[in-house]
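Okay, handing you the structure first.
By letter and in written order, the chains are A, B, C, D, E and F; residue numbering begins at 1 in each of them.
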């Protein structure tokens, strides 16, 4: 059985990553994963949050938002409602945590990188597209200032990308769910992995359903394959800056 | 003396209006005025606000926002601060009021059109670009449902566009100020006008400065010229739907 | 055709300005424009907002509010709703900006003047009455401390007053609209002008209507006349302090 | 030893109650107790809060606020801080509760009376002046609609006034504390009593101090005397409407 | 006539005070007054609020909250509603003020003690149980650090407890009202008193009712008796630390 | 190497589950997992959220909070900060989602169960203790009303418990981390599983670290063992009600 958009179950949607998308930010990307479109920017700030002050370490923090008409029905703005909703909070905490796992915060030094992921158009997988795009924006931003040699070594120690996998009725295990598939999935799992194939985050959830250990393994296999393909696309988008990632020798 | 971007004082920046920019909204536009880029969407809702219920009239309301890195320095999100700032409020009220001036709200019937203007990149003139783009998104959205004949006549009675004029030190009166010019302007004026050359809104402000009646007239002359050019571009972008605007005969 | 309160179209309502209305503030005024009554106070603070610190410049900022029963229907307090509404924000930004246009902020030095305009009774024109009254409260407050010679010269460089003009059905162009006229006006314009007849702010709005350049000029003529009369009343209310305004010679 | 304003310890400050102070509200009063000035208004609303719906009973609710410059130092507005502070909440709950004690809520029927007390100038005793003034505004408002015979009997069953008493260093027990006395009082007590000499509310507080039962009795004696004087002033201010209060016979 | 739980009108409910209830706080107590259960903790902070900085004085501040299901019907959390309600504010201000009356803030020095009272189960009298329990938690916390001799003398100068009294239909004056009695009380009074029998706070309220001076005296008599019993229980719970309270000799 | 509290790496902390802990809620539990103590309550409400109305389905929703002194340092209340923090949101969404996975929402019918988890004392694993305890409170609440036969079958289809596993420096993979272990863990994973050994939720996170597939499998093995032990304890605590869970035959 094929998917309603014609993909095979183990196939990603078409992905494009446009770098230098905006004129102001240090790093900026428009990532498209099928019909999902996210603007990811990276801003470098020479201060750190209070809990890190004076420790010689940096920080990565993220904010995530959707335009009201990124979705089929108009969504009320968080600013109109006067508070950030729970889903948004979960996602922005995930993005920040995931990026911190592949950044050497000591090498970054006392800087904060603000990641902003703004979803222009949503068709499923906005949080994983945000992570995949944000990695590129972050790398680009740090590469830009790297020329001024502010770091003892380049602070990004590995690649990072994210995708979703899940069990969809009548299809079984599928890679990179779009909105229609996500809505009908019984199990939904977001995976964040590194270029060296290690896990950073596994978030698997039964939606009024449960899953066995065997089913978990099926999903992990699919996800590993998808992540490897996404990282190849990131390298391509980064061009020369791709070589800085994970370069291990300390620089004087 | 020429302007730092090479324009003559009476010259608009290059303007492009891309329609059907997003897949979900009834009307959506990416408008670029020089480096200023705004996504404008129009959403049609079959309810009206409480104060209009049962009167057979419709309403147009607008929300305006900027991505945090639309600007040179990162701006904190309204949702993080927990409230909408004063400038944002002023702008979204202006956009809604301006559009209502060229819509026959009785002909619209008991519907609300939500206009969302999200600034992706800011380089001066974001509110006037928002109005100019929102007019196209609104027209497109109403044209789309017009085929189902929900209106006694097409509700948009005239074209509408907006631009800025001002006095800039060493340049004198200029049309369509970019960010650098706007920051150093002594007098800043936003004009919203119709296709028939009438005023909808004049907002002229001395920034720690004042201006004479003669100077006011200079600015109005420049603005009229710019608006006429913008409306020509809107007609072009709308294609066939352009003919619906202001068509006066009642339809059965 | 005469107006429902018997005035001619080019006639202001009766205006009184009572100075030293309250015991605590440095400057305080009760201004009555017809039935509209506003308490305006000026508070001098020896700090400036963050963006001005260390620049040797001062600032004027304003807050505006209405008592719940200033209006015919009770209005919910902003504090109960937990946020300031858009109209309030627009007005308080306007008041602050208008006053800054006639204050030499360098001469003021690193001080902030807080202007509070609280509408006790509303019958149209509350924002223009606020500006006209606030000018007097501000002048009074600065005159009071002027004796201690804190300024290189008196910081107020010109008079400032505001009024409204508009097109009302069956009356045509009228000066100083009361609530009933304002509610039925097709065009509504607020003018802020100086003692030397220059514009500080023009805010003209078609209310689901538009206006021509000729009509604009009619409104401006009416407004200029009204402003001149208001400034004469301000001079009277200020008494001796009136002479300090715009005195141009630098003082040692 | 006399008080710094020359009063005897058992003497009220000069009190004036100006009725019909504003044009819009059903009842409105400017009450002055020495330098303390409060505008009290009463608004009649034909709805009741949810918890009373369908029970044939009415409700009295109150809001209290101070203008920013009612005080010697400017106070930040609740609306700027985004929340009502604890002191304000306590006072407005007290005002509402006190008035409800002398209103027959069944006779009032399904109506809410909104009481607004806005302090224009503060010099101690703003909450007790608010209650004393609000009683007059409330009576006036109900008297106004009483002519249309909406009530089985006039709903106000007794007079109500409030004052403060306390122990001030070097003065001992004093009546009606002004701000200076209140700031140095060791014990501060607010009393709300009826025309028939019964208590509605006693709030006695040691300010980092305590008081004995004998001292309590001294304060209560002083307070009873002051309340009786205030009620005489209320009757005077109410004129003819004074006779409606507590008239016990049921009307057809 | 006996009370529905079998008590005599002048009888307290069974009271237990369990000290060291939690592992983290400097002082912590579970107090049970009948079915009312409150966790009271005391936290010592080496900073003082801004208004006290540099004065060598300390401060006591309190927060009060109820678990959603402390009550028969589930109560919405303040955090979900985004603001603290008026009743909560009143209570937490009362608790802090009451405790400050028996603490020598100079002897405390520049420290703040945070009192948290969290109602686990509510059956009337939660604010008075909070005060009675908070006194024990506070004493315990200060006794714990007293060994390190940070104070010139032990800062607690007297015992403090609280109870409620009131007039209940068909019962007359009663001590220590439970929820059912409180709901039907015509007069409700909270008393806070010291170990030496002096008043700290009297809050007597007619609930749509009033009370005479004689009735007031009846209530005060009952309250004095109850407070004395509660203080005996506090001494018992405090064990050795009980002897520190009110020890008057200055320590070097 | 043994753990600092003497446990073996694969050993749970001592767990006690006290049912009927509070008098008001339909279900209530005090669960203790080592020093972590959480009060879990279940409240049955006969309404459903708007998105479910009229569909014959029920809902489970959860709120989670910590007392300020549940922690070693006092934590500011969400209600004082005016908003719920991101961590709290994540946890309460997790609790609700996990419980919904083992409830047949059609069998529940148009009811909402509100779960409240309030942490009295925190020493790591508060979210997993909350889920384990909430399951018991929920079962107890539904068992209580089950006698009135409101359900076609008992709506809880399986057992549910949660625990944490992780990699701690010098210890390797450990089960049920306390606060000290959690703070130093490189990988932290929360597992929610059913009585039949299926997964409901896996949330594994590298804390500035990553983990391999082999390491993942080690953690899952440990977690499965711990969950089985917790479910045995739940059965014990539920007594007779334990037999209702997962009873599959439809009841008339």
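Here is the rule we use: a residue touches a chain if its C-beta (ideal position, glycine included) is under 8 Å from a C-beta of that chain, and two chains touch if they have at least 3 such contacts.
Every value quoted in this text rests on a predicted model; they were computed, and no experiment measured them.
Chemist: When you check each chain against chain C and chain F, which touch both of them?
Modeler: none
Chemist: Examine where the copies chain B and chain C touch and state whether the two sides share over half of their residue numbers (same) or under half (different).
Modeler: Mostly the same residues.
Chemist: Please identify the chain with the largest separation between its CA centroid and the CA centroid of chain A.
Modeler: D
Chemist: With chain centres taken as the means of their Cα atoms, state the distance from chain B to chain E in Å.
Modeler: It comes to 60 Å between the two C-alpha centres.
Chemist: How far is the middle of chain A from the middle of chain F, if each middle is the mean of its Cα atoms, in Å?
Modeler: Spacing between the chain centres: roughly 29 Å.
Chemist: Just how far, in Å, is the C-alpha centre of chain B from the one of chain A?
Modeler: A distance of 34 Å separates the two centres.
Chemist: Counting in whole Å, what is the centre-to-centre distance of chain B and chain F, each centre being its mean C-alpha position?
Modeler: Comparing mean C-alpha positions, chain F is 52 Å from chain B.
Chemist: Which residues of chain E are in contact with two or more other chains?
Modeler: Correct list: 82-84.
Chemist: Could you give me the chain order round the ring, chain A to chain F and onward?
Modeler: Read from chain A toward chain F, the cyclic arrangement is A, F, E, D, C, B.
Chemist: Using the touch rule from the top, collect the residues of chain A that touch chain B in their complex.
Modeler: Touching chain B from chain A are residues 22-25, 28, 35, 39, 41, 43, 45, 63, 65, 67-72, 74, 77-80, 82-84, 114, 116, 118, 120-121, 123.
Chemist: Tell me, which parts of chain E touch chain D in their complex?
Modeler: Where chain E meets chain D, its residues are 83-84, 86-87, 89-90, 92-93, 97, 100-102, 105, 158, 189, 194, 196-213, 216, 220.
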